[in-house]
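Labels run A, B and C following the written order; every chain starts at residue 1.
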Amino acid sequence: MSEELKESVVTDVLVDPVSGFAPGARPFASRLSAESVSLGYAGRSVSEALDVRIPDGGFTVIVGPNACGKSTLLRALSRLLEPTSGSVLLDGKSISSYGAKEVARRLGLLPQTSIAPDGITVADLVARGRYPHQKLLRQWSEADEAAVIQALEATNVAGLSGRLVDELSGGQRQRVWVAMVLAQQTPLLLLDEPTTFLDIAHQIELLELFRRLNGEGNTLVAVLHDLNHACRYATHLIAMKDGAVVAEGRPADVVTAELVEHVFGLPCLVIDDPVSHTPLVIPLGS
Amino acid sequence: MELRSAPAETAPVSAGTLRPAALAAVNRHRLLGLLSAVGALALVLWLSLVVGSKDVDPGSLWPAITAYDGSPEHVIIHDLRLPRTVTGVLVGVALGLSGALIQALTRNPLADPGILGVNAGAGFFVVLGVALFGVTSIQQYIWFSFLGAVVATVAVYFIGSRGRGGTTPLRLTLAGVALGAVLGGISSGITLLRPAVFDSMRSWSAGTLSNRTWEVLASVAPFILLGTLIALCMARPLNAVAMGDDTARSLGANIVRARIWTIIAVTLLCGAATAAAGPIGFVGLMVPHVARWIVGPDQRWILAYTLVLSPVLLLVSDILGRLVLRPGEMQVGIITAFVGAPVLIWLIRRRKVSTL
Amino acid sequence: MTSLDQVLPLEKATSVDFGRRTIAIRRFGGRVSLRFDVRTLVVTAVLFTAALALAVVALGLGEFSVAVPDVVSALLGQSSGAVHMVVVEWRLPRVLLALLLGAAMGVSGAIFQSLTRNALGSPDVIGFNTGAYTGALVVILLMGGGYFAVSAGALVGGLVTAALVYVFAYKKGIQGFRLIIAGIAVSAMLASVNTWLILKASLEQAMSAAVWGAGSLNKITWDQVLPVMIVFGALLVVLSFYGRRLGLLEMGDDAARALGVRLEGSRLVLAVVGVALTAMVTAAAGPIAFVSLAAPQLARRLTRSAYVGLVPSAAMGAFLLVASDIAAQNLFAPTQLPVGVVTVSIGGCYLVWLLAREVKRQ
C-alpha cells in the first residue's frame, strides 16, 4: 500500500483542505530532500535507504511512534546529523557542501532543546537569530533591526521585548524561540516537536502561527506528537515506523484506521473533524 | 489527543528488592568477599612488618612481639615497623570511613575529605599553630588539626548548601575547592614570609607514616576509635538519607541528628588521621567507591568493606613507598595520589558514574 | 533616551526594546554597523580608567616614592635621572605586565566559563597551573635554569597537562563536569610530584621555587614584557573573529549549529586561545590563581549582562591584578609577597561568597 501511495503522491496536487489554497496542478517541487539516506547513531542504525522529499510551500508534518526515527530524519534534513550513506539535498546540492552560515540562511531549525543563557532578554535572544546574516563589522544593520521587529510581532511577543526570558511562562518562552528562528528569515523552517510541554491553548496558538507562515509562502517541516493536530494543520503528512516511511500524502488521503493501527498499534476510529474537515482519530478502548 | 507511549522506566535494582532466597545468597557472597578482604589485610600487615629499607627475617617476627630482646632486628620490628603498621591501620580506617560518611551524607559519589577542603583546613590551622604558637610536637598538632577539620567541614557544607539548587555534588566539590584555595593561599603567604615555618610545613605536607611512635598512636587512637564507633552506628540512618531528604523523613529518620553525628564522626576521624600522618588524599575517595561497586548501596556493607580495605590500600602504598627508593623512602601521601587518580579518571569515564 | 541623543547625536537609540539602553552605530553606508549595550560600555570604560589610575599610583609607590604628577610627566618622557629610571625602567614593565596579564586572564576565564557554561569554569580548574608548576620545578630544581628556561618549562608542563586532562575527559565530546573532575585528578597527581620535588630540594631553592609557584611579578624587566605584548596581540586578533560565537555556543549545540556556527571548529579555536592566554600568563609570571575565575563573573555582575563579555572581563582582570600587585608589594613592606598569594586569598573569598549567594544554572 505504501508503494502505491508514494507513486500517487509524487504527481498529486496539493490542496490544503482548510484554506483551499491550491498552488496549482503540478508535481511538487522540492528544495529539500533526502536521497536514499541511512541514518544512525554510534553503531545503532535508525533508518536505511530512506527517500523523502519535502514539498515546497507546504506544511509537512512527520508523525510516528516513539523512536521511529522522525526526529532523526529531521536532524538529518537540518544538517545536525550526517547520514552514513546517501545524501540530503538542498537546492540541488548536497547540504554538507554548503558553508555553515549559508545553510543557516536558507534553512531555519527550532531544536528540541535549547538553553537560554541566564539573564538574557527576549529581544537579545531573538536578535541572535540574525547571526547568519551578520559579519564582523556588520552586526546590526537596518535589515537586522527590521527582521527582529517583524519576528517579534509575528509571534506576538513584541510587548515582552525587554523582559528576561527566564521570567516568561513556558508558552511565551517557546514563542520567543520561534521568533528567533523567524528572525533568521529563511524560506525553509524545520521544527522539532515545537508544541511539546505546552498547554492546549498555546499549542493551537503556535500551530495557527505556523499555518499563517506557511500561507505567506514559507515551507515548513515539523515533527508533531499529536496525530490530530498533524491531521488538522499539515498539507503533507509523513508517517514513519521503525525508521521507514509507511505512508505520505495529504492527511485526508493517508490517515485511515488501518494506518493508525499499523503505525501506532492503536485500534481507532477515524471520522471527519466537524470544524476543519480533516481526519479525526478516536481511540477505541481495549 | 497525545499518542506518546510512556518511556519504559527501569527501577534500579537494589538488594532490598530481591526475594529472600536470593538476598541470602547475595549476603553470603558479601560475607565471603569480606572475609577475603580480611585475609588480604592480614597479608598486608605481615608484609608491612617484614618489608622495608632493611630486610628482616620473617621468623623473628613473632619473637619480636612476644619476647622482645633488644636486638637490632627486634628494634626495627617492635619500635619502628609495628607502630608504623598500627598507625597505618588506624589512619587508613579513619580516612576510609570518613570518606564513606561524606559520600553518603552529601549523596556525592566523588567526595573525599581532601576534595572537600578538610585537609586544607587542618593544614591551615597547623600552619597557624606553627607560625603563631610555635607548636612542634604532634600532641599539639592534633588539636590544631582537629579545629581546622571542624571549621572546614562545617564551612564547606554551609557554603555548598546555600543558594539555588541546594547541596548538589558539584557545588559541594567546588565549595571544597574554593575553601581549599583560600586556606591554601593564606597558608602559602604565611610560609613564604617565614622560612622556618616553610621548612616544617613542607615536611608535614607530604603525608607520611614514618617515625610514628607509640605516644603518637596513643594520642590519636581514642579519637579514631570513637569516630569509628559513631560511624558504624550511622550506617542505617545514612541508608535512609541516601534516598533523599523527603523519603528519609517519611521513613522516620531524623535527618538533622544523622547529619550532626556524621559530621562529628568525620571531624574526629579526619582530624585525627591528618594530625597523625599529615594530609593523605584519595583513600577516602577510592575505597568507599570500590566498596559500593562490590556490594551495592547498602551503607552497612559499604562501611564494613571500607573498614577492611582502606588500611590495605594505605599500607600497600606505604610498602611501595619503602621499596620504590630503597634505601630511601617515598612518603605514602605521594603514592596514594598516583594510585587514586587513575581510578578516579576511570570512574568518570564509565558511562554512568555510580551513584549511591 | 533624549539626553543620550544630545550627547551622542549621531548614534541612534535602537527602535527595538532590548530592556536596556542600547545604541546602534551605522557608518559608511551601512558597511559598518554595531550595537552596544550602554551599561556595558560605561562599566568597561570605568574599569579601564580605574585600572590605569591604579597603575599610575603603583608606579609611584615603593621605597622611592614618586608623587603622581611626577609619575605622569615621567610617562610622557618629560623627566630624567632618578625619577625616570625608577618609574620607566624599573616599575613600568612590572605595572604594564600586570595590566596585560590581568586582561589576558580575564579574557581566558571568560572563554572557559562560556564554553563550559559554568560560572566556575576556569583554566585553574583543569590542572593547567599545577602542570606548569611541575614543569617549572623540574627546570628550577633539576636543571637550574634562568627566567626563560623556567618559562619554557612551565609552558611545556602546563600544555601537556591540559592536553592530558582534555583527553581523559573526552568521551564523544566534553562535558563540563567530567573536565572539572579530570582536572582535579590530574592536579592531585602532579601536586604530589610537586610536593616531592619541593621536599627534596634545599630550603633556598624550595622557597624560590615556591615563590614562582605562587605567581610573582617580582623582578620583571622590559625584555620580558615584549614577548607578552606580541603574543597577546596575536591572540586578540584571532579572538575578534571568534568572539561572537561564544554567545551562540551558550545556547546549546543544536541551536548554535542551526544558526550556522561550526561547532567543533569554533570550540577548538576558542579553547586553544583560552589555554594559550593562560599559558602566556603562566610562562611570564607563574600560575596566578583566581583572576580568571573571578574577573568575568564580577564584570558580569557589574554590567548585569546575560553573558560573560570578553572586553569587560579584560578590564576587570587588569584592574584586579594591578590592585593585587599593589597589595602584594606594600602589605608587608619591605618584604614582597608573591602577587599570586594575594589573588588566591582574595579570589578564594570571592568564590566562597559566590557559592554562598547563588550559582548560575549550569
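Operating definition for what follows: a residue touches a chain if its C-beta (ideal position, glycine included) is under 8 Å from a C-beta of that chain, and two chains touch if they have at least 3 such contacts.
For clarity, every value in this text was computed on a predicted model and none was experimentally measured.
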Most distant chain from chain A by Cα centroid: B
Chain whose Cα mean lies nearest the overall Cα mean: C
Between chain B and chain A, distance of the C-alpha-averaged centres to the nearest whole Å: 55
Between chain C and chain A, distance of the C-alpha-averaged centres to the nearest whole Å: 44
Whole-Å separation of chain centres (CA-atom averages), chain B against chain C: 36
Set of chain C residues in contact with two or more other chains: 361
In the complex with chain A, residue positions of chain C that touch it: 14-20, 24, 26, 30-35, 117, 172, 240-241, 244, 247-248, 250-252, 254-255, 257-262, 304-307, 360-361
Partner chain C, residues of chain A touching it in the complex: 42, 78-80, 99-105, 108-124, 127-129, 131-132, 134, 136-142, 144-145, 148-149, 152, 161-164, 181, 184
For the chain B and chain C complex, residues of the former touching the latter: 110, 114-115, 155, 158-160, 162-165, 170-171, 173-175, 177-179, 181-186, 188-189, 191-193, 195, 198-199, 202-203, 205-206, 281-282, 330-331, 333-335, 337-338, 340-342, 344-345, 348-349
Of all residues in chain C, those that touch chain B in their complex: 120, 125, 168-169, 171, 177-178, 180-182, 184-186, 188-189, 191-193, 195-196, 198-199, 203, 206-207, 210-211, 214, 289-290, 332, 335, 337-338, 340-345, 347-349, 351-352, 355-359, 361-362
